[in-house]
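Below, subunit A partners subunit B and then partners subunit C, in two separate complexes.
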Partner chain A sequence: MEAAQRSHTADANWAERIEKWFQSWGTVLVALVLFVIFSLTAEYFFTLQNFQNILRQVAIVAVVAIGMTMVILIGGIDLSVGAVVLSSAAVMNSLLFNEVVPAVPAIIIGLLAAALVGFINGLLIVKAKISPIIVTLGTMVMIRGLGQMILWINNSWLWVRHPIFTYIKTETIGSIPVPAVMMFVLYVFAVIMMTKTRFGRHIYAIGGNERAAHLCGIPVDRTKILVYVFTGFISGIAGIMMSARLSAISPGVGLGLEFEVITAVILGGTSLAGGVGKVEKTLLGAIIVAAILNYMTIKGISAHYQRAVTGFIILAAATLDQLSRGRTSS
Partner chain B sequence: MTTQTSMRSYRITIGRIFQRFGLPMMILAMITVFASLNENFLGFSNFQNVLEQNAALAIVAVGITFSIISTQIDLSPGSVIALVGVITAIIFRDTGNIILAIVVGISAAIVIGIFNGALIAKLNLNPVIVTLAAYIWARGLALALTQKDSVIIQSPMVGFMNNRIGGLVSPTMILVVLAYLLGFFMLNKTRLGRYTYALGGDEMATKQAGVPTDWYKIGIFIFSGFLVGIATLITVSRMGAAQPNAVYGLELDAIASVIIGGVSLSGGEGRLRHTIMGVIFLSLLNNGLSTLGLRDATVLFYKGLVILTALFFEVSSRQMLKDEIIENPV
Partner chain C sequence: MSEKLNHRTILRMQGITKRFPGVLALDNVDFSVRRGEIHSLIGQNGAGKSTLVKILAGDYPPTEGDVYLDDRHVAFGHPRDSRAEGISIVYQELSLLPNLSVADNIFLGREPGRNFVIDEDAILDQAKEVLGQLGIDNIDIQQRVALLPLAQQQLVEIAKALSYKPEILILDEPTAALTHDDADRLFTILKRLKEQDIAIIYITHRFKEIIEICDRGTVLRNGKLVSVLDIEDTNEEELVETMIGQEVETFFRQEHQEAQIKEDELLLKVENLAVPGKLDGVSFELRRGEIVGITGLLGAGQNELARSLFGVQEHVTGIIKRNGKAVHIDSPREAIELGICLLTENRKEEGLYLDLSVAENISMPSLRRFLSSNFVPLISARKEKEAAKQFIDKVNVIVRSAEALMRTLSGGNQQKSILARWLLRDLEILVFIEPTRGIDVGAKMEVYRYLDNLAAEGRGIIVISPELIEILGISDRILAMHDGCLVQEYERGEATEELLSAAIQGASNYQNRNST
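The block that comes next holds the complex of A and B.
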């Protein structure tokens, strides 16, 4: 019995190794293949200017996706991020537009407001034990309303005119656009946080088995609330980037952003069941989506069909992921 | 001993009072507030309006009840209504045959249900991912097929659906009642209903008992697809046109009303009467806020706030009840 098992293992060894390799490098491979195909079939795709475009497009989604990855890792979800991006941008710009405070305090107040929304989400989810999807659904509606109220006080549109936003919008550092630089810095920070700090280890432990994590003495409640606070905060940073990208904040800003972000996280291979996934792969997922959309734009496909295709990309990614997982576990 | 047990099981506790009367009390409070702010709120014609305005929500909520009891949340209905409405309108525009258009429309809704159900049941994909993808691609297709324009439907059907027979009931209202009767029958009298509970209670055990769970999962999606088709018919005939941007966020309203009504998101329990109460709550909220003449932003804010409060009471009363049962086992 044991011998039979051992020979079976030897046979499966190679297949297993390939599958393991594919599981950790599959997303990279898919990204590379897509970039080669796109570069060969679309003339304009492989140019510095286009790569800058892709990076500008991806930055906001990718930054919010850092928080979303952490939320999904602990088995939650956050639908309120789009509304938080709107509200924090509205707070910052209304303070600046009406010249209440200088730039730095205005931005800090905007970020704190965003973190506060995350804190409310976390409290309701952890302490009142309401399911994350429902809580963040409620805050999504409420915070969007609040953001729009701030806009309404300012005649329903807010012009972005502070030089700090113009700088982020137009400048590049070593030919990398400033929003993309912010994105890369945040990702480096997030990867270090997830792999080297206790907070990161706690996140994986809670996602793997919350009960066990609790029994091991991990402060489950505190960690979970902190994850939601962090997600709110980083959505606030995305609010800065959103202000920079647009010349005016309108009531529809960030509408549906939560679903783009979740797409990036899923495409990066993070399991919705929690505990499995990596932040850096989410960045890759976000870049893949942006590259596909960019390619379709170059090819003259309408934005609406692009949206339909995005839906099918999610299905394809989930199917591939499930097939590779399914075989390994059996 | 026996009397003691029965005494204990009928003990009146705070959790039980909240569980039983919490929502009716909140509905009463809401009616009082809206009636004092708006004298027409309690009129019979407003009652008819409430029913007709929220007919699509009420019907979709029946399907969502099945999905939530069986732990397969469905985020797609709003987008599917938009897509199916567009398909129906285009077929009517090109053929002039309203019966054909309706039949194809409802079939399309069912086919999308089968597609989603098959991905979940046969490929083992996560329901959130699959229906999130449908939420995105169905809306994208609806927008792409119409280039974002409305398609007007000039058919006597539209007038017929909105015509109140004898000034009392319109076919729209009758369809709502029929949908609930069908829902009651399916949930309580058929195998599909019984296995809906079993799937939510313990899917593994159900499977091991020899139940073809895959087919019942797909069956639930077929049933809710059919209801989405009916809801599309109502939505389209209320507006006299198919709008690719229609009923944005309907699925979230439906999910919120099912949960507020008292169906547990963890599955396996809940009744259609819970859904009815939740739908009444949300319908009155929608109608009451819309008749106050507030800004969209303010409506969103209050709606989110009320939904969160209601959820908080619902979930915490259920938690309280659970704790009471653990402390004093029956």
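The block that comes next holds the complex of A and C.
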């Protein structure tokens, strides 16, 4: 029947299998190796308190990275996340500080505002067909401006003063800091959504072959817009966590967040071309970056070097991503 | 006379085998061509013709085997090597640059001139000369190629190939878009080339043409050499049977499935469907249990017709009635909801998710069916995999596990997976564009069986294909299209390849009433 024959030799098969395994588990391997090296070379690294530090440090980036993973999966990008974190935090805390509404409505309004930004992004990208980089670059600048305006009205910065935020900042649940618990819960939800719902499946389809997805009857436009809305919303949640962590919202909050987030996503193995990637691996990517930065801090390496290392990681991860893609696509 | 001894042999390909990952495209094929003959390469899609010819053109080397030109061993690393050796090829997909003029296209890459400056006058003169030699006098050589009708573009492509003064000219489906008159003109040119001792390798699906102008034919099936024939000694039916390996009657439909057509159950009625510039007011019906075949030359509007039924065609006017009710189909989603599905001809580009598993590919339009329960909108992996496996078996996709990545499957299996996808979706109307493109003969038969069974189950099937033999074999009714219009409708048994061929070329003698 089928005129098919396997033309591999035994050697090729072996090399192929190793490469495939590395693509799935490579990140985990890297994490473990780093973990061991760090623990052995810095006494303070392997302590509960340090792990709690790392978890607190990573929580915000990791949470936003959920949305960013989804956006990159459908072949887009969202540079406005940092601005949305700032502005949603500004909205929430401004309402609270000026005692306009109680805590819960204030937070909800902040989240809605964040989602709205996502909706605007989605609309412009999908319906007006403007490239995601340009749209989210524009919203990034615009929304940061709006956020800074809210702060300016409130005399440049806002104190964060609500028991909810104090709770998030200081408490732990079974020795895991609350922000990290929030992060884990959100990730569980995200993994279920991506692997077991039609929405998640559609995201992979659109990222893999948008035309085919359209021909399968998948609501491509609607799904893409929802992804951007979700990313805005989750940046709003990160705004809550940011408020808790900082105790005061200043105009520079969230600056550069998008790049930390994108680094985590790429390091987690999500392809910038779209269609390939897993949310849980993004979490691992974020933790690796946070651990590296944490280690450098422990070792007293200056913040400038840390920034250089982060940049290097982005380049290395992106290069590896491109190389591995080049091989499988032949 | 053994080929090796024939003094007129200019090309000898011996023991050619070509392997691609997962596919054996050619298996120990011998192929030789003599000077001054028109030699047809015959075989269905996927038989290996294109592969053989691409090896000759220098696109890639054979995995095994040798090529001899004039008894001299040659190996091509690049298409320009074969061109330097006197081999010129005209592919079906045109390689002209649409924004350049005819003359510029002909001399692309070897513009006459000195010191970086192109000699414009020389280009025009030489282009005129080349076209003149071919007897083509009605094409404005300064005209931008994009503005020429497809038929003239093909002629320019041929002129370009000839301007390299080849000893071997390869033509791949040269008449796909040509009218009867243009084709005749082409044949006159080819006969003239014969007299100049040029060897012509001619690939076509039109058996009439093979009989008309070819001297010999080499038949391939599933990558293997079947036979080398003297065309004088054979006829169309024998050619087809040699090509498919069995009798025509049993290949396409098992039995004459007339009884299953429900005359008064109209699944679809199309009235005056039009797309500006492509489709000019087509009307037809599709009944339950029927297979309607639509054929025409390239660009006759059949693809636009199919796309209109699936909501992926722009600027559509006209009425579509589904089960008697007028509907608007503006997106694939709406089409699917109306029970219509479309399998396009570009199954890889438009159908496959290479980085998802086979099961995920197959289940994609049907996810709603695999939810764990009505309250919990989560996909049950078990249900999904079971259903996918069922259809993987039904359609005979050869794969180790349903979880394997689509990327790892061979082309034929990938195509079958798309079929499995829509069978699983279980819709009433199926529209297939070139359903057996790129599939080997054995798999083709399987596809025809499915179409048969699907029709017998009470569905309505529309098949669009350029292969007249295929359309004649499987259709209950045939719609012949030309230039955006439906020119003739035939019931099963009324049409012949000759009539169909005439109809799609716009000739006036395609009505069976007047012929014997």
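The working rule: the second predicted complex is superposed on the first by the 309 of 330 C-alpha atoms of A that agree within 3 Å, B and C clash if a C-alpha of one lies under 4 Å from a C-alpha of the other, contacts with A are read in each partner's own complex, and residues count from 1 in each chain.
Assume a contact is a pair of C-beta atoms (placed from the backbone, for glycine too) under 8 Å apart; a residue touches a chain by one contact, two chains touch by 3 or more.
Because the structure is predicted, anything quoted here is derived from the model rather than measured.
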item: Touching partner for A:Pro219 - first (subunit B), second (subunit C), both, neither; value: second
item: First (subunit B), second (subunit C), both or neither touched by A:Arg211; value: second
item: First, second, both or neither for A:Ser24, with subunit B first and subunit C second; value: neither
item: First (subunit B), second (subunit C), both or neither touched by A:Ile192; value: second
item: Subunit B versus subunit C as contact partner of A:Thr47, first or second or both or neither; value: neither
item: Touch count on subunit A, higher of subunit B and subunit C; value: B
item: Touched partner set for A:Thr170, first subunit B, second subunit C, both or neither; value: neither
item: List of subunit C residues in touch with subunit A within their complex; value: 19-25, 27, 222-223, 310, 312, 331-333, 335-337, 342, 344, 349-356, 360, 364-365, 367-368, 377-379, 381, 396, 398, 407, 410, 412-413, 421, 440, 442-443, 446
item: Interface residues, subunit A side, partner subunit C - complex; value: 1-7, 192, 196-198, 201, 204-205, 208-209, 211-219, 275-276, 328
item: Subunit A-facing residues of subunit B, complex; value: 73, 119, 123-126, 128-130, 132-141, 143-144, 147-148, 252, 255-256, 259, 265-266, 295-305, 307-308, 311-312, 315-316, 319
item: For the subunit A and subunit B complex, residues of the former touching the latter; value: 77, 124, 128-131, 133-135, 137-149, 151-152, 251, 259, 262-263, 266, 272-273, 302, 304-312, 314-315, 318-319, 322, 326
